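Below you'll find the structure, written out as structure tokens, and then a few comments.
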Amino acid sequence: MNFAGHYSYWITVFLMIAGLYVVIARGNLIKKLIGLGIFQTSVYLLYIAPGKLIGGTAPIIASGFGTYSNPLPHVLILTAIVVGVATLALGLAIVVRIHEAYGSIEEDEILDRDLTGQEGR
Amino acid sequence: MRSDLVLRVIAKLLIPFVLLFALYVQFHGDFGPGGGFQAGVIIAAAMIFYAIVFGLPAARRMVPDRAVEAMVAAGVLIYAGVGVAGLLLGGNYLDYFVLDRVPAHGQERGIFWVEAGVAVTVSGVMLKIFYMFAGRRSDADDA
Amino acid sequence: MTPDAVVLAAPAIPAAGAVAIALLGARPNLREAATLASAAALFLAVLSLLGPVLDGARPGAVLMEILPGVALAFRVEPLGMLFALVASGLWIVNSVYSIGYMRGNGESHQTRFYVCFALALASTMGIAFSANLLTLFIFYEALTLITYPLVTHHGDYEARRGGRTYLGVLLGTSILLLLPAIAVTWAVAGTLDFVPGGILGRGMSNSAIGGLLALYVFGIGKAALMPFHRWLPAAMVAPTPVSALLHAVAVVKAGVFSVVKVIVYVFGIEEIAGLKSVDWLPFVSGFTIIAASIVALRSDNLKRRLAYSTVSQLSYVVLSVSLLAPLSVMGAALHIVAHAVSKITLFFAAGAIYTASHKTEVSQLDGIGLRMPWTMGAFTVGALSLIGVPPAVGFVSKWFIFQGAAATGQYLVMTVLGASALLNAAYFLPIVYAAFFRTPPQDAGHGEAPLPMVLALLATAALTVGLFFYPDIPLALARQLAGS
Amino acid sequence: MIGEHLPALQVVVPLVAAPLIVLLRSAPLAWLLAVGVSWASLVIAVALLLQVQSGGVISYAIGSWPPPWGIEYRVDALNAYVLVLVGLVASVVAPYARSSVAAELPRERHYLFYCMYMLCLAGLLGIAITGDAFNLFVFLEISSLSTYVLIALGRNRRALLAAYQYLIMGTIGATFYVIGIGLLYLMTGTLNLADMASRLREVHELRPVLAALAFITVGVSLKLALFPLHFWLPNAYACAPSPVTAFLAATATKVSVYVLLRFYFSVFGAAFVFERLPMRGLVLTLSVLAAVTASFVAVFQQDLKRMFAYSSVAQIGYITLGIALVNENGLAGAVVHLFNHGVTKAALFLLVGGIALRTGQVTFERVAGLGRRMPLTSLGIVIAGLSLIGTPGTAGFISKWYLVLGALDRGEWWLAALIVASSLIAVAYVWRFVEAAYLREPAPGVAGSGEAPDGMLVPAWLMVAACVYFGLDTSYSLGGARAAVAVLLGGAP
């Protein structure tokens, strides 16, 4: 197997694992969202990288060009990015309200406050 | 910041051109990089620039919250409306071919309106997000 | 109405009665009238089916298909006819008695009581007339659930605990054992209908048949075969009319009825007679007879003693059907009737004693026969019937069971029957003796129970004796069952 | 003319209703529109089911681009069945929402609720109807995002945390799904499910396909809360506004199960998933664990919503267990349990919502003596609870029956015994409610107001009646499920 030849996959896998790790390991709600963003970004790469042909151009028919990159992954990922942005925005909005309600964005502190029934600021 | 004269003048000068550029990007989307997404974001960027320079209340006077929400909804409705138009003209949902007597023109017509809807919604959403996050802060300050 | 329509009406009448009772909840007299009216209507409806069934007709009705090939369906066969007749007839008597009891003791939630009672009868009719195992199972579970509010009627700690045992054992056995048994039957036979001669065919090995039989007889927890008998004493926290009609007649008889029906119509007597893998059943039921009698002997609480007596008597039915001979099957069917009328008399008496004197223990009954001569007279008749002394109906059924045992040469069973008759005498007769021949304590200032109760218990006592002299109808139905 | 466009209308009608509601902004109008659209979706779904029954699979090309290039909406007996379930629950929840939302949410957010409700409905219907793997992801996210918002609308601040947790888990799940789709796309070059299925047969390089299967399984299992990936569910269900809980419990997880079924049986093929791989043992083990442990946990909950949420996890275990049986009876049990459990849980959560409206919280202390104060609500919970247990004569029995038969068909006696034994645990938690409601005196100081408003009681009781009806007359529920199973086992999607 050609390890170096698959470098885009290595990057993808690295981003995937790193993002997932951040989501799981961090207690800060914002950092979790950042991790989630990295995790999603790896998917963008996973889709787009194979769609590129070396020497290919944008798929607009013009004289002098014979090879085109596959446009479909781009379209898909454009959608996925929009979804990702929406998720991020919603996540942040919820975090803002959590901060207002609990006075903290650290997971352990929030759970602690829920247990003791203590009010936020 | 609000009293910075240079910024205010530059901003007033710049914003029309930003909006114009947005329109260029919007209509160039047919045959080059561009389209509703990008144009919508640029429009929103212009508004956000305005809000940063002149303050949130001023921006809200110009584009009120209600209008922003209406933009979000209207854009989606335009998009869906194109689809329904396809239905009414005898094609499938989102069928652009039937929008004009010449199928190729129908495609262009369809994508034009769809991109317009996208631009409206995207700029609305971007503004809405900005208003929400920025608004919280000033609400908190007022309180 | 055609007989087919009457079959549908049988569960519908008490259900409609329940609605009427609920609506009339604010006016007790009208409410009780509704109970009596629906009881009478039900009895007449069931009675109208008797003629056709005796002539060999099997009226039935199909409602809707629940599973492909299995419908919610009713079909009247002799055993179901007998059971329905007993339950609906005794409901009238019991309603009269209930009115006296509930008012005499000032019980709360009376509307709920009568509603649930009517619904319980509706479920009983459904069981009696069910045409297949699934219909039987549906109404069997419905009966369990609808009697739960009756068992926990008082709502206190005792009632909750009794209710848990009641529900735990009955639901537990039916879901854990009966449901898989039905599923296996379906998988093997491809049908769940009750067919004379059985439906299993040759699809199972002998040992598997033995296992399936075990799933059925233990899964039908209402038959109170040991070790799944605990719910019956637990159910005694209920008001006495509930113990009388439901836990001496409807519910427990639904259990043994189901066992008989499964053995006759699912397994088929001829099919499994002589199989080594099913000959454990007489031992289990024989053990239950003796063990429950001994427990009854040692119980001071009157209702508890009656409950264990019921456990023991129910196993008579299972025992006699497990002999797998036509005569013993007749005996089983007859004992369902005999035990019903006798035991309801005994419970009526226990309730009357409680209402009049608030006494619950056997040791408190010294000399009570002098104050309540009618009640204790009826009690004596019921006790003698269960011991098997003529002229009471208990003698008839025991006679057939004995003959069945003799015909199949089951000497162990004959020994069990003899021993249990002695045990029955040992736990009933001291009560009678104490009631009539011991000197009463001086402080007891009470007379007979309220009139409706006395009337009810005299009626059932008369029935106990009457059926000895005129056993034609039950006998004819039992003969059809055994011959079919 | 409308008949041939029903597949598109199924999704478009609620999708268009959402922005319309934002434009309307008025709560009563929004509610009216939501009810109308929900009912319309049900009508469309039923019409589609009838069309499928008479004319076979319906294929609808969006934008007239023929599949496999364009997006295809593809309706067969399986997803028509799911569509009807979603439509049915939506059209019962929508009328119910009026009173409930009026009590639980501030007035200026009402239209937002209905907008999100419509989006969620559109998303769920879209997942079920689309025949395109990536389109499915988009609808998955539409429904998920609106669900997060709906949960965050809950009264308690814990709702925010529950929504956040669900957002993280849901996004991870959806991203896993998309990774799996990406790998399949790399191997087959198509996103159309039917096309993908046929091209997969020719793929010889198995490793990416295995990875795709793993990613899709984990991703979808997160969404359907398969044990042990269920931790988001109890919080989300317990904190969300009552109509949301009812709607989600009855539909969201069910639609995810549909996705799993679609991929296992139609795309990868049952033979590949269950015979060449040890998936059967895995799914079976997890399902049994879910059914047993979640039921046990449910017994010890203090809050009714939480209790029924854990019960949902257990019931999902039954559904996946039916899938793992991979035979006709087992699958019929799984598919019919989708429907029956959906109806049962909708009834339960709608009724519990009524209690929440009257007593604020739905802890066992608060429901003590409820049988007197809210007789109809209590009775309804008991009947629906019986269906949850699987008492004969209720819908739940039908599914249990087929699961047991499926286990017996495989000769797995112990499994049949486990299925019936675990339903006994359901008796324990349902009976906790019965004892509290009927056999305990109300705690002092609990508000003694009466029944829930009719607007809530009537829809809830409709569902209760459905629990009984579908236990007695199974020609629709079971007939549909068996047709769906025929599709699954027939191979072609």
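All chains are identified by letter, namely A, B, C and D, in their written order; residue positions are counted from 1 within each chain.
Just so we're on the same page, a residue touches a chain if its C-beta (ideal position, glycine included) is under 8 Å from a C-beta of that chain, and two chains touch if they have at least 3 such contacts.
The model shown is predicted, which means the values in this text are computed figures rather than measured ones.
Colleague: Chains in contact with subunit B and with subunit D: which ones?
Modeller: Both-contact set = A.
Colleague: If I average the C-alpha coordinates per chain and also across every protein chain shown, which chain's average lies closest to the global one?
Modeller: D
Colleague: I want to compare two interfaces, A-B and C-D. Which one has more contacting C-beta pairs?
Modeller: Higher C-beta contact count between the two pairs: C-D.
Colleague: What is the distance in Å between the mean C-alpha positions of subunit A and subunit B?
Modeller: Taking the average C-alpha coordinate of subunit A and of subunit B, the gap between them is 25 Å.
Colleague: Please tell me the distance, in whole Å, between the geometric centres of subunit C and subunit D computed from their C-alpha atoms.
Modeller: 44
Colleague: So the centre of each chain is just the mean of its C-alpha atoms; given that, what is the distance between subunit A and subunit D in Å?
Modeller: Centre-to-centre distance between subunit A and subunit D: 27 Å.
Colleague: Just curious, how far off is subunit C from subunit B if you go by their C-alpha centres, in Å?
Modeller: One centre to the other, that is 79 Å.
Colleague: Taking all chains into account, which pairs touch?
Modeller: Pairs flagged as touching, ordered by label: A-B, A-D, B-D, C-D.
Colleague: Inside the complex, what are the residues of subunit A that reach subunit B?
Modeller: 60, 78, 82, 89, 92-93, 96, 100
Colleague: Tell me, which parts of subunit D touch subunit C in their complex?
Modeller: The touching residues are 386, 389-393, 398, 400-401, 404-405, 408-409, 416-417, 420-421, 423-424, 427, 431, 434-435, 438-439, 471-475, 478.
Colleague: Under the definition above, what is the set of subunit D residues touching subunit A in their complex?
Modeller: Residue positions touching the partner: 134, 137-138, 141, 145, 148-149, 152, 157-158, 160-161, 163-164, 167-168, 171-172, 175, 178-179, 182, 185-186, 191.
Colleague: For subunit C, which residues are in contact with subunit D within the complex?
Modeller: Contacts found on subunit C: 63-68, 72, 134, 137-138, 141-142, 145, 148-149, 152, 155, 159-160, 163-164, 167-168, 171-172, 175-176, 179-180, 183-184, 186-187.
Colleague: Sort out for me which residues of subunit D touch subunit B in the complex.
Modeller: Residues 5, 8-9, 12, 15-16, 18-20, 22-23, 25, 60-64.
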